[in-house]
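When the chains are written out, they are named A, B, C and D in that same order, and each has its own residue count from 1.
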Amino acid sequence: DRVIYELKPTGRKHTPLLDNYNMNGPKRGHAVIINNESFHWTTGMNKRVGTDVDAQNLKRTFTKLGFKVHKHKDTSCIDLLEILQDMAAKDHTGSDCFVCAILSHGDDGCVYGTDGIIKIRKLVDMFRGDICPSLAGKPKIFIFQACRGTKHEIPVPPAQDVVDGPMADEDDEFHTVVVDSGPTPTLPSASDFLFCYSVAEGYYSHRDTLYGSWYVQDFTSVMNSLVFKEGSESVDFLDVLTAVHRRVSERRVERTMSQSALGKKQMPCFLSMLTKKLYFSKKAK
Amino acid sequence: DRVIYELKPTGRKHTPLLDNYNMNGPKRGHAVIINNESFHWTTGMNKRVGTDVDAQNLKRTFTKLGFKVHKHKDTSCIDLLEILQDMAAKDHTGSDCFVCAILSHGDDGCVYGTDGIIKIRKLVDMFRGDICPSLAGKPKIFIFQACRGTKHEIPVPPAQDVVDGPMADEDDEFHTVVVDSGPTPTLPSASDFLFCYSVAEGYYSHRDTLYGSWYVQDFTSVMNSLVFKEGSESVDFLDVLTAVHRRVSERRVERTMSQSALGKKQMPCFLSMLTKKLYFSKKAK
Amino acid sequence: DRVIYELKPTGRKHTPLLDNYNMNGPKRGHAVIINNESFHWTTGMNKRVGTDVDAQNLKRTFTKLGFKVHKHKDTSCIDLLEILQDMAAKDHTGSDCFVCAILSHGDDGCVYGTDGIIKIRKLVDMFRGDICPSLAGKPKIFIFQACRGTKHEIPVPPAQDVVDGPMADEDDEFHTVVVDSGPTPTLPSASDFLFCYSVAEGYYSHRDTLYGSWYVQDFTSVMNSLVFKEGSESVDFLDVLTAVHRRVSERRVERTMSQSALGKKQMPCFLSMLTKKLYFSKKAK
Amino acid sequence: DRVIYELKPTGRKHTPLLDNYNMNGPKRGHAVIINNESFHWTTGMNKRVGTDVDAQNLKRTFTKLGFKVHKHKDTSCIDLLEILQDMAAKDHTGSDCFVCAILSHGDDGCVYGTDGIIKIRKLVDMFRGDICPSLAGKPKIFIFQACRGTKHEIPVPPAQDVVDGPMADEDDEFHTVVVDSGPTPTLPSASDFLFCYSVAEGYYSHRDTLYGSWYVQDFTSVMNSLVFKEGSESVDFLDVLTAVHRRVSERRVERTMSQSALGKKQMPCFLSMLTKKLYFSKKAK
């Protein structure tokens, strides 16, 4: 069990030094998953083969945590903004927190809808405490599995392999790894936001066409081990992310259609404006 | 003491899910403090009154943690680069980690030497594991107490108040608060780096001319309470930073020479590329 | 009449020092006008009242110059990209040059479709000589009447005033001036491109809700005086733009709904990668 | 309905449509040449072999035009700012115009002093009409021969070849061509400024170690042919720049130490905020 830090009583009135966000509200809260796989030709963006696996993994994980999950496939810019606007307009009273995961292409401070780019700042600002008061003081978690769209290899394997192939062993021939250089994680920021990036500036983001992205794979696996395992108690979410960093940073490309991808490393990062400790456990019914 | 998470044995060989950085080496390591107060007139930058208090606070804190502290006042760009180059060229074998704190003006991805600007990326890249191998796999912590230089109020109080005045009560007339909008925390990044910012994008950074910056004040106070207090054990450094976020975000400007500063809030942030948990305790002799 | 510069014959073979683009081909070429007035609510962008007047003015001007004009109202991002893609895919053999005018909101290197933003670089690159060979070596002119979208006043006057009002005197009550700070004119660039901006960085763009934007008003008027007037010969297009700079820079806001707009100046600019002199005259039939 | 644009004579007083800057004042004005060849090791910048030739060429050209030329070699950031500050503080009454040429390394909106970077905006703003009133309404010309510093080949030939070698034929072995990708020409801007860039975004800048940069070579040669030749009259300076664009864009790398430089093209550009036509002729005594 965790150490409890106390402040000596002083003349000044202080909040306790290390408080936890309240994660025992009547509801866990909403989780939105934006899963963009196919893009209009005018964008020049490739199909993101493997993203459905990511979306499914995240849906399972957040459902197990007690979130009400909203999964959206192939959203245009207007769709995406309307979905998040609707979400920000909801009454989150009684919710512990809010999660938004965006699986798409990315580019310098932007993510792709199926028909173009949106500034991340625009998406995030809707959930600031002053604009969405029922989330004020509650953790707002954004997860970006996004790769820079302009330098894509041609990674799409024959469709039948992906769609119809048997669940492949790790050494089979039916999947490949896509490597992209990552977008810059510049982000608007405000109290109680946490931004989780699959890839830090100057590194590469990898997506396995069969198993999904390295980042979501390892996030899912770490959550399973730390939070959902028999006998687990509540787990510090920053520890989860740190463990994901470790896992992803130890991977290396073993198979890819692009020679230049071999040996390219991936390094995730997170940016925290949290003001309390954030623990997740299985939600009590 | 802390929970230890284990992975079920699988076919794949994994490192443990949640490891700690080894903080029990023969030496804690080096800590560099760059304390820039006065700037050449060509830069157009004001004197950063109060920064000496910050530098002294950080020196005490890092000394107590067992660091060998190197404090430098009013460094030019070349000085600053040479100081860090010398540091990166040292043999850090046997050190637990490395710390660099920069107290200066800042501007879009840059910090100020006394005679101009330097890209933060340039400073940080010297310490990447591939370039400075004796720090590879060890935590590299950068702390930025930097405010955007171009929108400064004229805050300098009479010199004797700052230098000679008695230790002032919080309601005295001898100090004031400087408010700046913050620089964008875009950062180069690599495995095992941790970047701690006094202020996130879109928020304001505050420096009390008598007590030093809010961020360093609260960092010092939280370290004292959590790490240095009688009976404290080792403390997760991300918890320290989270507590600092809390403290700083609860402050508000009560006195300033600039009307427009009243009510301006400050929100710090940190960006983590850490791959293990980072605990600090008093260094065993 | 203009000076003709000659090079002394040398060992090296040179093109003449000052050549003119050939503007006497069988066709003048295509001119595209993108006229975006109304934007989807998710963009947060105001209606650009007055832009129809700009579009009509530009259409008349380019028609008089002999261009085949394609005017498009309220184009989405996909529409806009498809329109320009179609244009770039045309065979421009026999055309003198190409013009594209975009009347919309803008933002840091982007322009707005009705549903979101597009990078200007993406629009422009389609017309590079290596990608659109039938335009290689010919002038490619882009005109941007775009204002930064995020700081709009609320300028929309009652609809009937704009639509039905009698030809208003300059002192009437039926129009107003909208002031925006301008976007940064960073542009991709390549041989034989010319980019004409209504507003340079750090200045303000103005649109009269009744007469259209200052820039297009003055462009139209200068073209009328220099090119279309009885007895005019061919006119250096950079002289036209310089005259427009003069006119626009001499204007000042006399009436606006926003107090802060009073006295705000506008400064247009152009960026030239032209390699020959560009003359326009009335196209010989 | 609206829009009747003819230039009827109106009550409003207009300046003439196409005026020339007055270039017949008692003095031509000051021209500053910043010639940075060697850089402090902390900058990581290579020696810019060949830049002395550029500086000498520009000095001759501007002297012939009647400028009082101030040439400075290897200026630190503070030196550079002080030199320009002194220049901006001069009384330019009676001067026709002002020129500043900077020969150095460059990087995203910055140029290098010998010890670090300076924002171009900072240099330019000193000469704005509101800050330097004796230059208000007069052309202010900035020339940047600057290449991005971070991707330099290792181009330095043996010193004796450069210094002592006989005037080499174009096929000799004593010079080589350095190729860099160019900086982004984003610029602050204000009325009556003209910014001349050796290289536009996305293109490459070339410097011959024996003859100097392509851009300054061609600028010098075009000025000689158009302005200084027996019998020349006054010449439109934008025509000069257009001719330089032509010359530079027709060059190709024939010899270089870096294979990847072969065939790399260079495309200069200029950005005009001029409000009148700018003619140069030999200054009448």
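The rule is simple: contacts are C-beta pairs under 8 Å (C-beta built on N, C-alpha and C of every residue); 3 or more make two chains touch, one makes a residue touch a chain.
Computed from a predicted structure; not experimentally measured.
Path length between chain B and chain C in the touching-chain graph (shortest route): 2. The most distant chain from chain B is C, comparing centres defined as mean Cα coordinates. Between the Cα centres of chain A and chain D there is a gap of 48 Å. Chain C and chain D, compared by their mean Cα positions, are separated by 27 Å.
Chain A and chain C have Cα centroids lying 42 Å from one another. Residues of chain A in contact with at least two other chains: none.
The chain pairs satisfying the stated touch condition come to A-B, A-C, B-D, C-D. For chain B in complex with chain D, the touching residues are 40, 42, 44, 76-78, 81-82, 85, 113, 115-119, 122.
Touching chain D in their complex are the following residues of chain C: 3, 5, 7, 14-15, 17-19, 53, 56-57, 167, 184-191, 200-203, 210-212, 217, 220-222, 224-226, 229, 236, 238-239, 241-243, 245-247, 249-250, 267-277.
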